[in-house]
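Order of writing sets the chain letters: A, B and C. Residues in each chain are counted from 1.
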Amino acid sequence: MEDAFRSPLRRTIEAIVFASDEPVTASALAKLHAHVFGDPASKEDVESEVATLNREYQDAGRAFRIRSWAEGYRMATVQELAPVLHAHFQRTDSKRLSRSLMETLAIIAYRQPVTKPEVDHVRGVNSDYALRKLLDADFVTILGRSDAVGRPLVYGTTDAFLERFGIRALDDLPKPREIEELLNDPAFNTERAALLSADGLADTSEQAPRPGGMPPFAVADGIVSESDDA
Amino acid sequence: MYRVRLDQFEGPLDLLLFFIRRDELDVFDIPIAQITDEYLSYVSVLEQVDLDAAADFIYMASILISIKAKMLLPRPDLDEDGHEIDPRRELVDRLLAYMRYKEAALHLEVLHEDRRRQYVRSTAERDRFEIESVEYRVSLFDLVKVLKDVLSETPEPARHEVDRYEYSVEEQRAHLLAAVTSGLRSFREIARGGSPGTATSKAFVIVTFLALLDLVQQQQLRVRLGMSPEDFDVEMVRAGEAGSPLPLRDDPDE
Amino acid sequence: MEDAFRSPLRRTIEAIVFASDEPVTASALAKLHAHVFGDPASKEDVESEVATLNREYQDAGRAFRIRSWAEGYRMATVQELAPVLHAHFQRTDSKRLSRSLMETLAIIAYRQPVTKPEVDHVRGVNSDYALRKLLDADFVTILGRSDAVGRPLVYGTTDAFLERFGIRALDDLPKPREIEELLNDPAFNTERAALLSADGLADTSEQAPRPGGMPPFAVADGIVSESDDA
């Protein structure tokens, strides 16, 4: 086994990332190391030590890894242990984001900086409620004002959003497919089915289960028949 | 009117996409007349439940009606090259753009799910060493929020005028939960008040329904479709099941 | 190297103790393991796995150990790294504004020119300390004297404030009307609030509840670096 004590930088990184409640950037770690040990370190040094740490964790079967989220490092448990953790912390899935919040968030994430009227137009509905919830959750923030008429506020996503979605940087967001691509996809109909219906979602394994939600049509069915009797 | 925003309503574009998918329509050749009629019948129902959301739907209804009218014109508008402009064009573009973001939302959701499977040290901060006061990091929005809190604490009598139904969502939640303790129940049955002959009202149904949405969202209840087009079944989500299957299922086998 | 994957109990212990925000007892861990894996484990098994984990940490030069307190197990950094941790967290903590400072700053920003008695009145507490801190930080300045009885000093925000909060001009602050729209939907009556509170959007499982009802907010990067020299 390598003598890890020989690398104070590695221990510094491990200690800080372990003890932090937010992502720590490589440059902050490099600066800290230089400050405490009087020994200059580069961002690349930090990156390479993080890689070494993760290799050590992997080899030793550690329950956690150092992840790169929101342009910083964060220690988190490995995915395959989720069942044990879910069981212990009794996490239920009731805290998932609703579809309308997720939709609003997607529009803001991809179109930022974006104004509320723009979001409303894309969704076809008033997004006041969703926007407020996203602001409250600190996934979205006000970036400033647009120069457009009325100088509306413009919105964008936060670092907390990146962190809570496990995204390294905004550039890493998966690109939405172009419309042509969507339409030319032979799976378009299945895709559409998956997007739009409850039954389609149930068996698409690569898609996350949808947050508890009722599609509008189900609502309509229930009420139509009822209000007829009423 | 009892007002509540039904967060699960996805909005007019979603509804249109649903019609298109269900009838396997060509997005570029939408039968506007047919879709408009269906759309309007939906909106009339929606108005009874959720006036807030209905406003969005009514606006789209007016767009549909105006497209329908333009389609009937003998001489359609022409673009600068002299080609006919399809009155549906703008709507189609919006539908397609919306589809893209819906797909993007699903991708985000996958990321969120994966991230939720990875636990961080929840109170790392507290473990470190004593930090006297809880402090916050801030953005411009924080300022606004704080201000709002502070201003709302400065006394000013608030007046709410709400016409109350004789049923509360709270009561109806209890009613629903009691109704499904013994197993799967039909929504119609529950909404009739449980026993045949019991007088019921629209208010009763609507409030029960709102309570139902609420419980579905909390994953206490699950709704099953497919028994009959005029009804759906409601059942309790047992402890430990929460979150595993979809709370709303269309299960044709049953 | 020992094959740690062979011991699900060890990984369970490591994952739970790592992620837990309170000490976890050996018996809770044994029960959890039995529950998830259907494989009974005793308290002694847990104790021995914890000892193994700590040996592994020691050998690999890890920055943390599992400590055994009366109430249970906790993971914590090793003593000798305390100086590094102190150095790091002192730096970051000093970059945060406390809630009382934010509150005071918000009132001054929106009500300027404003006197200290007015600020005190709105906040319901004495703002001496907060005001002094804000003056020190150059977020707030003395504009002059009021004509009111006693000719109290009047305060306002500085250009440094605008710059640090990424606001171009005072007009860019969200207008009270916009704040109302954002935060205070008039239709948001109590029933509705009660109904909707159930769908708590935030995935709160990883956030400790924050006193005072303020969600955690990320500082704009600008603020962090700027306040260094404040």
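Operating definition for what follows: a residue touches a chain if its C-beta (ideal position, glycine included) is under 8 Å from a C-beta of that chain, and two chains touch if they have at least 3 such contacts.
No experiment lies behind these values; they were computed from the predicted model shown.
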Chain at maximum distance from chain A, centres defined as averaged CA atoms: B
Distance-to-centre winner among chains (Cα means, whole assembly as reference): A
Centre-to-centre distance between chain C and chain B (centres being mean Cα positions), rounded to whole Å: 32
Chain centre separation (chain A, chain C; CA means) in Å: 19
Mean-CA-position distance for chain B and chain A (Å): 22
Where chain A touches two or more other chains at once, by residue number: 18-19, 75, 77, 85, 89, 91, 96-98, 101, 129, 135, 141-142, 158, 164
Overlap residues in chain B, where contacts from two or more other chains coincide: 5, 7, 52, 116, 119-121, 123, 127-128, 139-141, 144, 217-218
Contact footprint of chain B on chain C as seen in their complex: 15, 18-21, 74-76, 85-86, 89, 93, 96-99, 102-103, 105-107, 109-110, 122-124, 165-167, 173-174, 179, 182-184, 187, 189-192, 194-196, 198-199, 203, 205-208, 210-214, 216-220, 223
Touch list for chain B against partner chain A, complex: 5-15, 17-18, 20-21, 24, 27, 42, 45-46, 48-49, 52-53, 55-56, 60, 94, 96-121, 123-125, 127-128, 139-141, 144, 187-188, 191-192, 200-202, 205-206, 209, 213, 216-219, 223, 225, 229-232, 242-243, 245-250, 252
Touching residues on chain B, where the partner in the complex is chain C: 2-5, 7, 52, 116, 119-123, 126-129, 131, 133-154, 160, 162, 168-170, 210, 214, 217-218
List of chain C residues in touch with chain A within their complex: 1, 3-5, 10-12, 14-16, 18-20, 32, 35-36, 56, 59-64, 75, 77-78, 81, 83-85, 87-89, 91, 166-168, 172, 174, 178, 181-183, 185, 199-205, 215-218
Residue ranges of chain A in contact with chain C within the complex: 1, 3-5, 10-12, 14-16, 18-19, 28, 32, 35-36, 56, 59-64, 75, 77, 81, 83-85, 87-89, 91, 95-98, 101, 128-129, 131-138, 141-145, 151, 153, 158-160, 164
